[in-house]
């Protein structure tokens, strides 16, 4: 039984100690999965790290109690604490790609861990390792155990990570976002495994995540955090089904439902400024659009990448990222593109924007043919007409440029506004339009939150007066609440300016909310295409059905209508 | 705004780091002294008529035989040590800085372009870098010295000595910049802001220099300080090998090389004072480089 | 006793005719011998020749060879070997050919008599071949070394077979050479060395450290400034002497304008003897001696030091240090504000050469002669001087024959390529009377008359300030206290005079 | 794998050719070999004749062609200075330089790696700060000054160690080694220290930086979280992951070792390639200088190949990919 009482953690900084978490209470019983949710920066990881005693320097536990069974975790010496780690408490990290030592075989790492905590010989340790791998679902474990981490797929690696955390039979496992980096398919397997282990072995799990769907699926109890404090805590059914705290309620409202379409998302706390302002920018945009929307047609498009060369004499096998795909985006509509990781979604965006050359096939923007990257000169009109909003708001803005410069760039580049003062003026209005304060213009990107940055990215795209906007997973790096804001903004833009949008995502629930039509990609081929409602209501392809069934959903009755 | 914040962030770290403060004070003092050498030093050691052999080998003031006219004593030519050192530091810094700037421009330019274009061009630049690496700094300097000696008329060699040395040192340093710039550019190329710029149809030069360059300055700045220190040392070593500056317009390295003759003859000040000065300069530049590394890599703090 | 010594450079070859450089000749003199050799005082004494007399009826000398001499490989020495060695040393591939320029014919009279015929009377010929070393004909021919190696190695580059007191027992070029006494040497060995190891040590400080740490017994030379340090230590001593080398400044007499001046570009002020004298008077030899040479040098008045045959006692004064007079002279010559010019110096040839030039430049500047100093390694130096690329330059000259005639021939006579006269007179100083006197000096047998001729030459060239002789280069050797050795004025180190106590 | 090695080979050939070209082209401008080869009294005509004989008057391209083809045939020509075959001179000096460089590198690794690990693990400790400061001062003093100081302290003042040369060497199958005699080892200590100090500092700082970086990686955090013993954590997990960048830099530093061995060898009269090279410069011994450069480039190329192979040995991700 892990008991956390009044826990407070502080980080000394140059402005004095920053309190990361405060007054955190939590109890996790054996065999229980205790979910910990909250937006980014809420202090979820800090709780986990404090329990296992691995707070990042210079953080320290400033107060409260931490007890595991009879042991007072705070009273342990450095050595004792280290001995306890693995033995009684273990931890699983988010990214299976980086959690394993790439230079050691899985066996080395397992055996080493087992031997560190129990006095067994190699043979016994090895046997235990193989058994464990088998138990958590790695086929042919006695052979695969000799492999290096890079020889496993992501899902298998996360299983190995779990095996490592399990191999010493701990009482508590802290899982910090164990599935965030994984596909829905793999995610559901891992979650199942965790559930099973909790049930069969009686291990207590602290499951940290920001995905409420995940919590809904497996957690027994849940704690909601915000700004380092516990907002609400209790049985999952209780907290999510009948939230009492307004924050929890707002959070629930922002979760897009999978099974129906809602017009707008409820937003926990509307941002200052809000939409509706920036009329001048709106007018300027409408001037440029000047009426009819533009569609896009793609015919038999293929994309190949050069494979890695392994022989001097053989030409490397090219890797085909897109196989003869054809589809059409109706003018003024939103087209959703879904598919698991590596299915070719970003590649499609890159071909359309001219970053990657197609191997074959044709593209038409409106009625005009759209040449591939190599034939598309820097001055080609499509460079302006097609704009893109990228996935990662942290890297899509040049962190060394001011917002003003970032926004003015398309105006200058496409010669839309000649005069510098006017460009700045327009940029300020555009900020207003996407709901940011005007003083943002002289700041740098790092001074904004992810959601704000994504708004800036949208503003930059709009300032080119595009007719066709590509959004490549624009919200996957964001919390649900912020995701909701961005999605609302995009919907508004589409409605107001007749923008045509290609919306790429791996999240089915988001697509359902956004897209008029959709295609499902898998390994570079279109598995299914059609209107969104049709696909969701009656999926034809087996793959689509599987995706739909694996997506974690909340029971319908928990959802608050938007 | 961000510059201000960054600066204040740096400033905050700086105030907490006594080593960096001391280093900065020492470096600033030396650089100041070097920059204003003509105003600060009692005599101009390059002006032959300003000193006389008659005053040769006078020890520093505090030692027996010292002379108030020559605070730190004189060398075997009767040159005032203070003046020689200030002027010498000036030359050393000029050579070091110039070499560093040339190496930076060359290395960063090539590295950026290699990272940006990749493929054949990248391979080509890297092979050239390999060739350069296969010829260590001292060899490069000897080679350049050799060409200059052969190609330039004898009377120009004295004047061009500084240029020759600078180029030689710069050539042996650029690879560092090129490799770092290239590696950083590769990282940046995958960042979405670069893709956005390319997608918008911006000119490659603009993408490289306006977008990418500011983002890779951090590690480059660290290399610049470290290389400034090694350039100054390299110049000293080249002087030792006899291909540095002539003794009548000495750099710190030349002064040390001259001083080596007096290592055991009792005139310790001719060697040790410039050596101490050089060590102080190089150490403080290196400490500042370390400090910058910390500032730019908050993860290592 | 084992003996270890070091010097700055390794002899580049073991072939006595391949390279005419001091390190090679000095080293090989311990292994090979010539017809004559120099004693401790540089005088000529019999070696492989027991006596020599001028030929009668023609110009030249007859040498009577020593009998019973064997080479180190056991073969006997006779006139054929001398003849062979002469042919070898005067061949085109030889670097010492010039010694035999006056020789027109060599005749083997019998096994132990040989005659050298010269084109003109040549009283100094025996002196001039003291370093002409004799090889065994049979050995050289059998080993394909009948000619000196020039651009490839041959057997004699690495192997030796002389008649001298020592033989090479192992050689690692540039690293170490071990010599052992030759048991069959004809002369009586006065040394007690059982094995001598030579190591080149290029860095002066390292060499000094090696001596002080006791790893070597003797080193030559050591830097002047370290003399006090060595002398001050127990168990070490310094041998100070004077080389015969006189260090001087030379002028571009025949240049019609200065090459490196920033103010006087249309004429050559150094063509005026007043200006040259002013330059000489500007130099404070006392300070140079005290500071740069730690009181170890002797100021020079002429191109050879006192004690060398032909030295002009009558002209033993050099211009006094007098900056005021120098300024006055410059004003008189039309340069009241002085002028600038280029001064060329070596930096690795003579002791403290660079420091000397810097000090001189500073002294010149004090009277208004603004020297643009350029110093460089000797590898670039001679070609520059040959191409007349200087206004004033530094030169050191050691009379190979230990006679005043030598510098007159090379440095004072007008350049004459055909007769190979004035070949090192880079500035082409030219005085008809000097040119006239040289043959007289060369052929005069009467010592008094010969000296009179030489006095006249010295007088003329001093008046003309043809060169500014500065000082005689000092010789500084250092050894452990228990080593007895002889320092000869040509800086040659003879193992046969070493005793380890 | 084979492809990888072949590709490196092709690149190496390019590097070698470029160096050969540079070596040759540049040294054509250094001094005048003829005036060095001949004595003071050789006439201008004789010199001209010799120049003709040596082919120094031939066109540039002809000379370069001769240079490379001769070299490929293993004919490295004769030294202008000693008239010995260059191949023989160079090969006689290689053992000295390689042994010196090897020991220096060894010192830098044996001391530098633990020191780097230590200072990374206790970044704020007094000992760490002292180590960092002392080594920093160490690399800021010119090598030649350090060398002479060591000689005077340990050689002259204390009389513990030889001041110059290699001491006793033993010839093993044509390789003169210092490793088999006490005297040889004693002679090695000071020069190797002098040469090693610089590399040591670099190695230490590099290991430190990499180690600090690695210590923050997820897999180290994970290994800590599952209680892997500290010793194993630092040395097995962390250190081995710093090796790839460290080896790269050490490979690159090889150039530095060779370059600085010129200085060290001249200070210690160490009969290696560097000393030979300096002498050759002094005498404008072009054939020796040219071959020296090419040999150094060859070492460099070989070291880099070895480094590449080491990567593969260290990092399983670089081994032949199996289908996953």
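Going by the order they are written in, the chains are A, B, C and D; count residues from 1 in each one.
Throughout what follows, a contact is a pair of C-beta atoms (placed from the backbone, for glycine too) under 8 Å apart; a residue touches a chain by one contact, two chains touch by 3 or more.
Molecules present, by chain and UniProt name: A = ABC transporter ATP-binding protein; B, D = ABC transporter permease.
Treat the numbers as computed from the prediction; the structure is a model and nothing was measured.
Among the remaining chains, those touching chain B and also chain C are D. Comparing chain pairs C-D and A-D, the larger number of C-beta contacts belongs to C-D. Centre-to-centre separation between chain A and chain C, using Cα means, comes to 87 Å.
With centres set at the average Cα position, the gap from chain C to chain D is 40 Å. Chain A and chain B have centres, each the mean of its CA atoms, that are 47 Å apart.
Contacts with at least two other chains are made by residues 149, 260, 263-264 of chain B. Multi-chain contact residues of chain D, defined as those touching 2 or more other chains: 31, 148, 152, 266, 278. Within chain C, the positions touching two or more other chains are listed as 205, 348, 377, 380.
Under the contact rule defined at the top, the touching pairs of chains are A-B, A-D, B-C, B-D, C-D. Those residues of chain C that touch chain B in the shared complex are 204-205, 208, 223, 225-226, 228-229, 259-260, 284, 287-288, 290-292, 342, 347-348, 354-355, 358-359, 361-366, 370-377, 380, 384, 389. Within the complex formed with chain C, the residues of chain B that make contact are 47-49, 51-54, 56-57, 76-78, 149, 154-155, 157-158, 242, 246-248, 260-267.
Against chain D, in their complex, chain C makes its touches with residues 12-13, 15, 18-21, 92, 95-98, 149-154, 157-158, 172-176, 199-203, 205-207, 209-210, 212-215, 348, 377, 379-380, 382-383, 386, 417, 420, 423-424. Listed in rising order, the residues of chain D touching chain C in the complex are 31-32, 35-44, 46, 49-50, 53-54, 78, 80-85, 89, 92, 148, 151-152, 155-156, 159, 162-166, 266-269, 271, 275-276, 278-279, 282-284. Here chain A touches chain D in the complex through residues 52, 54, 82-87, 90-93, 95, 98-105, 109, 112-113, 116-117, 148, 150-153, 161, 164-165, 167-168, 308-312, going by the rule given at the top.
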